[in-house]
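After this come two complexes, each holding chain A, first together with chain B and then together with chain C.
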Partner chain A sequence: MILLQLAADGLLLGAVYALFSSGLTLIWGMMNVINFAHGDFVMLAMYVAFFAFTLLKIGPIFFVPLAAMALFGLGVLVYVALVRHVMRGPMLAQILSTFGLALFLRYAALWAFSANFVSLPDNLVGGVYQLGGIRLSASHLLAGGTALVLTLGMHLVLTRTDLGSRMLAVSEDRVAASLVGIRAERMQALAWGLGAAATGVAGGLIVLFFYVSPEVGNAFTLLAFVTVCLGGFGSVPGALIAGLLIGVIESFSAYWLGPATKDVVVFALFVVLLWVRPQGLLGRA
Partner chain B sequence: MSEALLRVSKLAVHYGDLVGIAEVSFEVEEGAVVALLGANGAGKTTTLNALAGLVRASGGTILWRGERIEERSAHEIVARGIALAPEGWRLFVQQTVEQNLRLGATALAERARLAPLLERVFSLFPRLAERRRQSAGTLSGGERQMLAVGRALMSDPKLLMLDEPSLGLAPSVVDTMYETLGRLSAAGLTLLIAEQSMELALEIADRATVLQTGRTVLSGTAREIAENPDLHRAYLGAAF
Partner chain C sequence: MRASLRRVLIAIAILLAIAPVLTQDAFYQRIAALVVLAAISASAWNVIGGYAGQVSFGHSVYFGIGGYAALLAFTKLGLPPIAGAPLGILASFVLSAIVGLPSFRLRGHYFSMATIAIAALAGLLVTNWGYAGGAIGLMGPATPRSPADLLFRSPLPYYAIFLVVLAILLVLTWWMERSRMGFYLRAIGSGERAAASLGVPIRRYKLYALFISGAFTALAGSLYAVMIGFIDPDSGFGILVSVNMVVMAALGGAGTLFGPLVGAIILVPLEETTNALLGGGGTGAAYVAYGVIIMLIARFSPGGLAQFLPRIAARKSPRAA
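On to the complex of A and B.
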């Protein structure tokens, strides 16, 4: 029974990893730009949710969409004010620009919110559900369920709608896309908006059971990179599978080896899998 | 003489210090088929790309139904009724035939017209109807060319521009393609065809413009151009 419990815990957390990682993979898939500030977007979303609760006294039903909208706006702003300009420059400029953005956001948060750890009340989404002997906390269930639905939703939007088709067209051939009348910059801005909104939702959900500090984004950036590499760059289903896998591996290794060493197992398996399949699970060779 | 649909005057395009085209001028009347001829490197593709808004003109003017469009972007130009089936097709190979066609209709103002346009393309190219759920990346060369033309037609253009529609295709496929272009022309569509193969293009064209090293060197009716002894010199790159 303990194995099932660990697997369930891992899957719920992994679904949240998948959600914010799918935002990173969407941005990469559209523009071949790596957003090193992705984890810091999650951090900002967590602060949005935290302050929405403490100052406006609103619960997750409102602060999760609020964080998503705020981060959508931030994503579009980052694209318009920064990314579209540096995309004309060399690859190194693109890499360093989002790296610089990550540092800026982190230290701006440090300046604005101080280095203190803050968290929401444990019982904000209280209760524990029993399912065939498995105990599922309501906050994890809400986070994992919402994240799973939204990640699948993002995949469906990309593969089953005209909007998704246009976004994929821009990622495939920007010139051909403009020839058929697609405004490539608008699609790219939208990709940044949606990618950041995914971190907005994820941050709003993670804050239900995780502390917030300006440094918390570091871990999420690293997790998003591992998830996207493992799943295959540009693949949302790949990010979903990889996110769930990482969640489960973390859960088992934390139980067997201790929480401090769980990341060793994740990164060791990650390196081995990339050695065998460098394009990731669902990526193209 | 009727007002020209498209009037290109002294069009120039530079890529940094390099000259893409230096001085290209010609006109396209409504309903006509105009061939843009020239040897490899003469400037045909650059001219079409400038007309489609893919490259910015560094000089000259492009008048489309009386409006200057040389500063317009590609998405604005296709919305005005000029579509390009580009060289090398540039299909969205990861998407299906039908998705490629639907993407071609992005600039359509009335979405209700999408279905009849799709049916028109499928009736022109029944092979595409058979392959509608197939990925564009799995099509043969001829089918890709059909899809490139079909995708351009989905915007319901007034002027369809084709860049080397015969390039790399088997002769039987080329014949079928030109037959279809003839049917489109008979239905009233204006065509601007850039071709290296002058025999093919002059067979269907009403008028032709010959480019050499980025300049217009000959213009006239298809018959005048075909019979002009200087045409061969232009193709062979001799001093003109």
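On to the complex of A and C.
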């Protein structure tokens, strides 16, 4: 029974990992740039949600979309002001740009919000459901369910709509896409917006049951890396499966090895994976 | 232009060598010692991160190994801390071989992601390693038992030691710059596939570069532990240790001989004075600034000041260009 319980907890958390990781994989797939600030976007979204609740007194129905919109704006801004200019520059510039951004966001947050851990009240989304002996808290269910639906939604948008086809065209061949009248710049800005909005929703959901501090971003960045790497760079369905898997692995290793070492397993998995199969489990070589 | 630039830099180097002797203020002498120490690790990072273009965000692992080797030699074996430095360097070679061989199949972004993960992993492991003090860390000798403990009240002896190490590293880098290895590394840095197609033995030379880079970073870690007399997971393996190396090398000019030194001369006094003025909150402020500096470099001048300043000079006097 405990195994089922752990698996259920892991899957619900993993769905949220899948959501913000699909943002990272979308950005990578469109323009082969890694967002080293991805976890710090999640951190920022958590603060947006936290302050929306404490200052504006609005609940998750409003603060999750608010965080998504705020991060969408940030993503587009980062693309237009920074990434667009370094994309064709040397590798050093590409890598340093978002790493500098991560540093800036993390320490600006430290400065503005202090290093204290803050969290929303436990009973904001209260209640526990019993399902055949498994206890599922309402906040986890809400977060996991929403994340799952939105990740699938993102996959559908990318594969089933005209907009998705245009984005795919740009990721396949930017010049050819421009020749048939697709605005490549706009598609890439949109990819950054959507990728960041995914962290916005994920941050707004995680904050329902997880504390916020300026430093939480680093762990989320690495979680997004390992998820994207496991699922294959550029693949949203891959990120979904990998995210769920990572959530379960984390949940089990926290139970068997203790919460302090749960990240050791995941990070070690990432390092091994990068060595033996950098294209991911589902990715193409 | 280039020859005169070099002359200016040599003049600056000489000035730097004698500067702390001119002041009696221990605060400034300490900053000078820290500048040279930071320049050592940033110059070491530069060999792999600048010349070979493999942007490592995980060099803190080497720094931490060096620092822990020094203070483990003291706490566990009763040796002077500096006796741990060769052990740290040895360990750095082993780590370079283990980590470098597989991760060098990874190019560009993948390599940088792997280094972040390895550093995070190392930090977590050390924090949970009770033998090495866990989260609390290790202390050096409180009072000197012998001159070999290298415990000085004045920062000047440290400054002299660090300067010698920096000089050795810079001469080595200078020699490397104009040897076959320097050309190979720059070829790798500017395009790995192209370099491979020209017959550059990529993995071998990247590994050589990592050996040099890691060994000197580990030595810098040992020297840090000897001077400060304390190391913990954050000051040894924390991501900010890596950030310092990256930002200093990138600001001065990644892949240039004196770039990391110039970056250290600018940034260390800045960080130390904001720390002194703002106290604990100062660290945050310094890293907000570092983030902005890194973004500005990436956006406007990936070659750092070494690329930026000549461009300004050329614009001011069109005839010189």
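Just so it is clear, the second predicted complex is superposed on the first by the 273 of 285 C-alpha atoms of A that agree within 3 Å, B and C clash if a C-alpha of one lies under 4 Å from a C-alpha of the other, contacts with A are read in each partner's own complex, and residues count from 1 in each chain.
As a working rule, a contact is a pair of C-beta atoms (placed from the backbone, for glycine too) under 8 Å apart; a residue touches a chain by one contact, two chains touch by 3 or more.
Keep in mind it's a predicted model, so treat the numbers as computed, not measured.
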| item | value |
| --- | --- |
| Chain B versus chain C as contact partner of A:91, first or second or both or neither | second |
| Touched partner set for A:165, first chain B, second chain C, both or neither | first |
| Contacts of A:183 with chain B and chain C, given as first, second, both or neither | first |
| Contacts of A:100 with chain B and chain C, given as first, second, both or neither | second |
| Comparison of chain B and chain C by chain A residues contacted | C |
| Chain B versus chain C as contact partner of A:175, first or second or both or neither | first |
| Where chain A meets both chain C and chain B, residue numbers | none |
| Residues of chain C defined as touching chain A within the complex | 53, 55, 57, 102-103, 105-106, 108-110, 112-114, 116-118, 120-121, 124-125, 127-128, 190, 239, 243, 246, 250, 254, 281, 284-285, 287-288, 290-299, 302 |
| Residue ranges of chain B in contact with chain A within the complex | 52-54, 73-75, 78-79, 83-84, 86, 90-95, 99, 102-107, 151, 154-155 |
| Residues of chain A touching chain C in the complex | 32-34, 36, 82, 85-86, 89-97, 99-108, 110-111, 218, 221-222, 225-226, 229, 260-261, 263-264, 267-268, 270-271, 274-275, 278 |
| Residue numbers on chain A that touch chain B, as the complex places them | 162, 165-166, 168-169, 172-173, 175-183 |
